[in-house]
Amino acid sequence: MLRRLRDEVCFANQNLPRAGLVTMHSGNASGYDPETGLMVIKPSGMDYDRLTPEALVAVDVTSGTVLEGQLKPSVDLPHHLFLYQNLPNVFGIVHTHSNHATAFAAVEEPIPAALTAIADEFGGPIPCAPYVDNEGDHIGRSILAHRRERCPAILLGHHGVFAWGGSPREALKAAVMVEDVAKTVWLARQLGRPADLPDKEIEKWWDRYQHRYGQ
Amino acid sequence: MLRRLRDEVCFANQNLPRAGLVTMHSGNASGYDPETGLMVIKPSGMDYDRLTPEALVAVDVTSGTVLEGQLKPSVDLPHHLFLYQNLPNVFGIVHTHSNHATAFAAVEEPIPAALTAIADEFGGPIPCAPYVDNEGDHIGRSILAHRRERCPAILLGHHGVFAWGGSPREALKAAVMVEDVAKTVWLARQLGRPADLPDKEIEKWWDRYQHRYGQ
Amino acid sequence: MLRRLRDEVCFANQNLPRAGLVTMHSGNASGYDPETGLMVIKPSGMDYDRLTPEALVAVDVTSGTVLEGQLKPSVDLPHHLFLYQNLPNVFGIVHTHSNHATAFAAVEEPIPAALTAIADEFGGPIPCAPYVDNEGDHIGRSILAHRRERCPAILLGHHGVFAWGGSPREALKAAVMVEDVAKTVWLARQLGRPADLPDKEIEKWWDRYQHRYGQ
Amino acid sequence: MLRRLRDEVCFANQNLPRAGLVTMHSGNASGYDPETGLMVIKPSGMDYDRLTPEALVAVDVTSGTVLEGQLKPSVDLPHHLFLYQNLPNVFGIVHTHSNHATAFAAVEEPIPAALTAIADEFGGPIPCAPYVDNEGDHIGRSILAHRRERCPAILLGHHGVFAWGGSPREALKAAVMVEDVAKTVWLARQLGRPADLPDKEIEKWWDRYQHRYGQ
């Protein structure tokens, strides 16, 4: 029943190193199937190239109980769970320590909306939540408190990135684009101080990208 | 009839991610066949590795009507059309958000002619057009107004790069070289302030590259 | 008898260029089998893609005598030997000149504990030993004098990185993570001055990673 | 007769893009066989992945006459010729515009001997010749005038890198290491001002690398 979700989550996890977002095991992807109420997530500390759909761990989203899987789930499971429980229409989540985005997180700065690509994908700046520790629902609550409404990603101070979307693939795309725009803005910051796009201009790109882009 | 053009445009699009110029779907290539008056362009939001020559969309350059293709063309179609209508001897166009070049665009600075490679390929600095929105022919007109005569590329403020040439392959080469020289000049700017080559010196390299280089 | 150790050390060496840690021949990995008292190490100046388990050189850890192998061992053999003789529970060592970590070494600065990933893997800052020459046991003694107890890596001033662990694979992981966190901290340093995590917070991440992470 | 030299020069050229030293066609490698008095070099503007040993152009080193080959030689042929005519024991030459090294060249600065790897390979700083144009023997004479005796590479102001050695493979290694150490020193320069190694220390590393390293 979860076959398709397992395939999608496996694909998203395997693409984390291919897209240059993770080193060794520093990231994970999950997906949530609202019909069954189950989510599947990467096992803790497993190599991406040894990952199979069957190795993923299935968890009941309401109770947090592991239902299927011989392996222990990612230690970041509580944060994924909290987000599925609290963010409507989110069915895929990715967590990374991708380098350029995490550099902004290390100095606790948002990624400003200085590029049309940021307006396209994120509809404004990508916020940065202040540092929190890894206990209980601290990370989940911090994301909820500091995210910007229509922006599918957030930086976590001194830590990394969470990104989400309507599927594991959409969450992966958001995580990839966070790192890509973080890189360009980081590069621009070494040349000068790039101006933010005015809100009115951001709306034009966001509108085009959300309503006229794609098939 | 458009078979060869479709192959060339497909090749150029597929090489955008291979050359590191695009992330996810952030770029597109097109080609124009003056005999039939048709251009072909990437479909909107399609993965590069799933692209086939047949999936490309064919458009009448004079009217802008889509003539062949089940898929919607790139949302950047109007800009490609405008350039084919207004730039003589241009039969290939590439648009990217490549990171180093877009960093210069984010601070609205040209890439100065500080390297012999820039003299070779671009015959002087690569200009940067000020920011414009994505409506109608704004981007096309801005490129026309701000390009430097013999330079086959331009930066668009806060946005990215357009590059062109006598074929899709030439446009691809121009886009690749924009990013390469942007990277080197960006690196040099972190060490000091690289001097521009004098105009007289630029002419020597341009002349050699245009008239004695290649087979 | 050393078959498995040879395989593990060969794997670690071959992954040095794959992980982007070495250029040409600028690094080496070794492993130590306490039961036989032997270590195996990369031959000097050999291409990683031509390396086979059989080509590795076996050395008696107590005496330093080469026991098996037609080829000369790495010129860094004395440093590996010294560390196996003096660091308990170390059965794998990796040496690299990986770029970002060596940049910190070039200015003789530690990598500060500004990221949760640094707390996870290294339990605090990664120290930098001052420059020493390559004679005798100078490098080995310097590592012993300047390492931080639970941190499995150190920078060597103007030189590069040594990393170690309970197996060649663990040493490889430490070397990979040194470069990864060096890159992120280096990037952050260009945006501002990232604050160190407080010691109390470092302990939380270290504890989770050491005791709850993995299978 | 030139079969082996053609293979070696083809290998060196094909490794330029694999090692990340060239973009599109921005580099070339050659080799010289003193017994026949012939050198072979890359044809002008040819894709590296289409290069075959047979496509290389053979040239008489004394006269500069093309002896074999349907294709035009690299436009950089005069510089390669001049160096073979004037540098004893040089049988391989590589020219690139590799990014980090060329960034130093853009500001006309040498790469200082701040790393043990620079002492190993180059025995001191890698000098930078001031800008010269591309006419006649200007580049060749400038290299001769500004090179440092035992250093197998030089930066050319606002242009790029020449590297050489006892074979095309040695020249390739020198070109690869120039870019690698340029990258690390460039990174270090963004953290502070790395001190040069004292001459006495440079000698120790140089001596070890030249006399005890390798098989």
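By written order: A, B, C and D. Residues from 1 in each chain.
Going forward, contacts are C-beta pairs under 8 Å (C-beta built on N, C-alpha and C of every residue); 3 or more make two chains touch, one makes a residue touch a chain.
Only a predicted model underlies this, so the values are computations on that prediction, with no experimental measurement involved.
Asker: What are the chains that chain B and chain D both touch?
Answerer: Neighbours common to chain B and chain D are absent.
Asker: Moving only to chains each one touches, count the minimum steps from chain B until you reach chain C.
Answerer: Each step joins two touching chains, and the minimum needed here is 2.
Asker: Copies chain C and chain D touch; is their interface built from the same residue numbers (over half shared) or different ones?
Answerer: The interface of chain C with chain D is built from mostly unshared positions.
Asker: In angstrom, rounded to a whole number, how far apart do the mean CA points of chain A and chain B lie?
Answerer: Their C-alpha centroids are separated by 31 Å.
Asker: Please tell me the distance, in whole Å, between the geometric centres of chain A and chain D computed from their C-alpha atoms.
Answerer: The mean C-alpha positions of chain A and chain D differ by 44 Å.
Asker: Residues of chain B touching 2+ other chains?
Answerer: 190
Asker: Looking only at which chains touch which, which shape fits best: line, ring, star, complete or other?
Answerer: Contact pattern: a closed ring, each chain touching exactly two others.
Asker: Would you mind writing out the residues of chain D in touch with chain B in their complex?
Answerer: That would be residues 23-24, 26, 43-46, 71-72, 75, 97, 99-100, 102-104, 106-107, 109, 131, 133-135, 158-160, 186, 189-190 of chain D.
Asker: Residue numbers of chain D touching chain C in their complex, please.
Answerer: For chain D paired with chain C, touching residues are 114-117, 173, 176-177, 180, 183-185, 187-188, 190-195, 197, 201, 204-205, 208, 212-215.
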